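Structures are listed in the sections that come next.
Presented sequentially are two complexes of chain A, the first with chain B as partner and the second with chain C.
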Partner chain A sequence: MKIVIGKDAVMTGLQLVHGVVGARPTLPVLSNVLLQAQEDRLWLTTTDLEVTMRCAVEAKVAKAGATTLPAKRILSIMRELPADNIEIETDEKHSSSITCGSSFFKILGLSVDDFPPVPKYEGGHVFTLEQRVLKEMLQKTSYAASADETRYILNGTLMSFKANKLTMVATDGRRLALTEHELEFPKEAETDAIVPTKAVNELLRVLKDDGAVKVHLSKNQAGFEFDDVLLITKLIEGTYPNFRQVIPSQCDQRITVEREAFLIALKRVALLTSEKSSSIKLAFGKNKLKISASSPDVGEAHETVSIKYAGKEIAVAFNPDYVIEPLRNLANDEIYVELTDELSPGVIKCDVPFIYVLMPMRVS
Partner chain B sequence: MRSPPESTVDRALASFQAALDGDRLAHAYLVVGSLRDEALPFAQGALARLFCRGVVRPCGDCPACRQVAERRHTDIVWIEPEKKSRVVGIDRIRDLQHVVYQTSFEGGWKAVVLVAADRVGEEASNAFLKTLEEPPPRCLFLLLTDAPQAVMATIKSRCQRIVLSSEPDVLPDPWRERLLAILADPGPQGLTGALLRSTRLDKLLSELRESVAEAEKAAVADDDEVSDETLLARIEARYRGMRSMVVRGILLWYRDLLMCVSGGGADCLRYPEREAELRRAAEALNHADAFRNLQIVEGMQRQFDRNMPADTVIQGAFGQLNG
Partner chain C sequence: MHRIILHVDMDAFYASIEQRDHPEYRGRPVVVGAGPNERGVVAASSYEARRFGIHSAMPSREAGRRCPHAVFVPVNMARYVEVSQQIAAILSRFTPLVEPLSLDEAFLDVSGGAALFGDGAAIARQIKTAIRAETQLTASVGVAHNMFLAKLASDLDKPDGLTLVPEDPAEILAFLAPLPVGRLWGVGKVTRPKLEAAGYRTIGDIQRADPALLGSLVGRDAAAHFKRLARGEDDRELELDGEEKSISREYTFDVDCESKDVIRGVLMDLVDDVGRQLRKAGRYAGVARLKLRWKGFETITRQRPFASPACDDFSLRTAAEGLFEAETIDQPVRLVGFGVSRLQAEPRQQLDLFADAAGPADSKRERLNRTVDSLRDRLGDATIGRASALPRKDGPRH
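Now for the complex of A and B:
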């Protein structure tokens, strides 16, 4: 393989794919990026066997071929090279010479044959939507996924393509985030897939605001194809819990709150929570919300926020992070907090199809 | 490397193939036998049959067969004891759960091979138990061990057992003969005798380690891919296996002493060729002493498992043993 490639192009490609490379790869070749040069393109691929990321960048290909090189080291080298054309030449022993101006590196690679083949998604269905929509849906839900590895089924985000809607759900058992988007697809394409959190995080990193993304869903894999990028991920096996049954059908009180002011006040008051006392109290009164936190060994804080509310007074305690996260990931000016009493689940909604259910904390 | 006793491993593989063909595979097997000569060849053979894409399985030629043989198949996780303590830690079990509960890379089976299943720590065993209790479909667990008695009972109860060797813990010669020479030698009585015996046994273990190291180094002499760290880990694992056989050898000696104290004949003895020495040593023992000796030797293995220094374990045990 022999190519000449611009620094910007190779950096774009490496920065896209290097996040997949794990800290403790199970096979030596998984530390490497697969480079394949053909028809004025350089394809870069990385995998940790859970997520596979592949992208193409422009390059002048003098001799087509392929090799694998240590991903992190190559990225470090490319980052330090001057902004110029870089020549990469690989010999039969997988040793690559990198030349840029007067800089020269010889890097030992591993055989292309050792690199796992890019998974093929045979059969399955393809759904097309805007990248911006997919990214926003993931942003609004993925933070609620469980990180507890004993609850493996919750270690990802559910993508449910049903009734001409894409429903995205994540939950850790204490809170649940759900968002929906209208999407046309045939009835036989209805399917569910639980996408692992690592793949979701990579998608959030690489999805752009313009252009479409094709979502390929098969029994074993999900593929996300956009621009010159392909991300393929394994899925979490099993049936996602029936999330509809935890969403309260009706709450007694609905309170309109200005999101930004609520978020800032929450962040401030939450500074006074501690490991022993990790809850904040929200006291909803006539047109005002009092947010307070008290830790016996730290101190206390409270702040009042104006709201639109004329109902009965309700005081309820929540984990502050569980309230802050949806507010941080929404863009609406106003949100609606729905409550029944201090022990029933609270609900956060807004003027887009989004529902967030969170369990209150019982405090003395 | 000794060739495996073909008949046992081959018979087990034939049964495995029949279960696979009949869609009757258990989700987990506890494979009992010498790790190197029986359990590992069985695991390689079983996995080749499971993942082979050839017409006659295993063809030995397809990419899957080659990947299984080279331990680089993307849907197989190999877990071996790590670090100096030679224990499988909780982190490795957590990593494993990712693989188990996600779809396979190639769309077919997934497999987990736990080499030396007896070396899984307590916390890790409990985490692993959860995985074994709720196995996803088309996921095979192979737990390999040469010391099934050290595997947690709740794990064993969830596995189908494949016994490849009826005597997985028999110490090979010349070590067996040397051990018996130490045990059978009456030597001086009291503390001096105990110190002499423990020094001789400590020396035997040191030489055993050197012998294992030489054999392992020779086995990988032509393999550039085996790192120094891997080689050291293999030496340590093999040595620990051999050391367990030594402890079992000592245990059998004191079992024979108990038999002699109880009036058992030569047909009850595991070391009938040493009957004369055994009966001589038994003359000075009563039942209680003979029982206590067995408990002391069992304690030795537990102390070794807790990574106590060999000389401390041996001196402590021989200071208390009678006969």
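Now for the complex of A and C:
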């Protein structure tokens, strides 16, 4: 393989794919990026056997071919090279010479034959939606997924294509975020897929605001194809819990809160929580919300926020992160908090198809 | 307020007590622990013995080979506890802010003691004098403005040492720079070789390291932590509450064991024991920890947090099983241990969305275990137990 490639192009490619490479890969070749040069394109591929990311960038291909090189190291070398054309030439022993101006690097690679083959689509269905929509839906939900490996079924985001709607859900068993988007597809394409958090995070990193994304779903694999990028991930197998049943059909009280002001106040007061006392108290009174936290070994804090509310006084304790995260990931000016009592689930809604359910903390 | 922290570390504590109590041992290599022909390890050794390369946790047989003429004495823990309490009493005369780390070392916060006893160095000297006068033992003391530096300093001039860490940040940097990187808290068997291979041999190397490069090696949080320590920064406070911080049990096999089933069986017994102790203490555990020691004395510990603080055997067992099953038993196991830490007084207060789906509620399991405990307390341990703990027809389980 012999190519000449602009620094910007190679950096764009490497930055897209390097996130998939884990810190401690199970096979040496998984630390490497697969480079394939043909017809004025350089294809870059990385995989951790669960998630595979592939993209193409423009290059002048003097001699078609392929090799694999350590991804993180190549990225750090390319980053430091001057903004100029870079020549990469590979010999038959998998080592590559990288030349740029007067800089020269010789990097040892591994055989292309060792690199796992890129998974193929097998049957399934294809859905097309805007990249911006997919990204926003993931942003609004994915943070609620569980990181607890013993609840592996919750270690991802559910994408449910049913009744001409895409419903996206994530939960860790204590709070749940859900959003919906109307989408047309044939009845027989109805399907559920649990996309693991690593793939979700990569999508959030690489999806753009313009253009469409094709979602290929089969029984145990999902592919996301957009621009010159392809992300393929294994799906979490199993049945997602019945999330509909935990969404309260109705709450007694509805409170209107200015999102930004609420968020800032929560972040400040939450500074006074600690490992020993990790809850924050929300006391809703007439047009007034008092947020307070106290920690026996640190001190206390409270702050008052204006709200629109004329119902009965109600006080409830939450894990502050469970309130901060949805607020941070919404863009609406106003949100609605719905509550029944201090031990029943609370709900956060806004004027877009979004619902967030969170369980309170019991405080003595 | 400007802090003054002392780290008081008794010199070769167990061995020095034995030498004090048995004048005939003085000046001779003394090894406390198992005998040179027994299975077991060295618990402590005198400075004379250390010259032969003997150190704690070394198999006693190895110690016997290295120094056949050493005096081997059994561990007399009751005696050491007694002396330790005597020393704790001395330390408490200087400040109520004492955090004991073990029988033979403690942190003291003497920031408020200047008016009564003088500066840090003066207090350190008085403590050393009092310990020597009242117990005929020596201690090494490190004086600094935080815990990390104080502990590091006490170890630099052993035995009978007194090391003052400078206060000026530039002088602290110079003080730390030549020390090996292994002196940093958190740099142990795993991280040290990794750092050294990358060329970070001294604390000075860490001071000069590019945070991003260091981060790519050990992770961003660890890198930030090491950078802080390398500058001599540490703002932890002493832990003063005398409550138990962890509960653990371990079991050494008479003959190294290769059967995963047998080890699992022993582990479950240990888990039950820890669970019972935990419930008796009225605590809930945040973290479960598994310990395995291989035939060659290499020891691994693996831990994982509970989804919610727990004290019931079901949660403890699930955690222990999860940790154990993740390990490959490809060599004989000498010791298995189980422990819990991050103990707290209250169960988790966070309510669950899918309460019914998650199986029986924690509180129900806890009630069951407490009932079993009270039956065992009244009627004996054999009254009731897990069916899987019964001997199998095809022979005893272990």
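Note that in this section the second predicted complex is superposed on the first by the 364 of 364 C-alpha atoms of A that agree within 3 Å, B and C clash if a C-alpha of one lies under 4 Å from a C-alpha of the other, contacts with A are read in each partner's own complex, and residues count from 1 in each chain.
Just so it is clear, contacts are C-beta pairs under 8 Å (C-beta built on N, C-alpha and C of every residue); 3 or more make two chains touch, one makes a residue touch a chain.
It should be emphasised that the depicted structure is a prediction, and the values quoted were computed from it without experimental measurement.
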Query: Looking at the combined model built on chain A, do chain B and chain C fit side by side or clash?
result: clash
- prompt: Of the partners chain B and chain C, which touch A:73 in the superposed model: first, second, both, neither?
  reply: neither
- request: Determine, under the contact definition given at the top, whether A:119 touches first (chain B), second (chain C), both, or neither.
  value: first
Message: One more residue to check, A:26. First (chain B), second (chain C), both or neither?
response: first
- prompt: So, does A:241 touch the first partner chain B, the second partner chain C, both, or neither?
  reply: second
Query: Should A:196 be classified as contacting the first partner (chain B), the second (chain C), both, or neither?
result: first
Message: A:362 in the overlay: touching chain B, chain C, both, or neither? Say first, second, both or neither.
response: second
Message: Quick check for you: in the superposed arrangement, does A:150 touch first (chain B), second (chain C), both or neither?
response: both
- prompt: Stretches 181-189, 253-261 or 307-315 of chain B: which one clashes with chain C?
  reply: 307-315
Task: Could you give the residue numbers on chain A that contact chain B in one complex and chain C in the other?
output: 150
- request: Please name which positions on chain C make contact with chain A in the complex.
  value: 216, 219, 307, 318, 322, 344, 346, 349-354, 357-358
Task: Name, in rising order, each residue of chain A that touches chain C in their complex.
output: 23, 72, 148, 150-151, 171, 173-176, 241-242, 246, 276, 279, 317, 319, 343, 345, 357, 359-364
Message: Could you list, by residue number, the parts of chain A that touch chain B in their complex?
response: 24, 26-27, 29, 49-50, 114, 116, 119, 122, 149-150, 152-153, 155, 196, 219-221, 234-238
Field: Residues of chain B defined as touching chain A within the complex
entry: 72, 74, 77, 94-95, 97-99, 101-107, 127, 130, 136-137
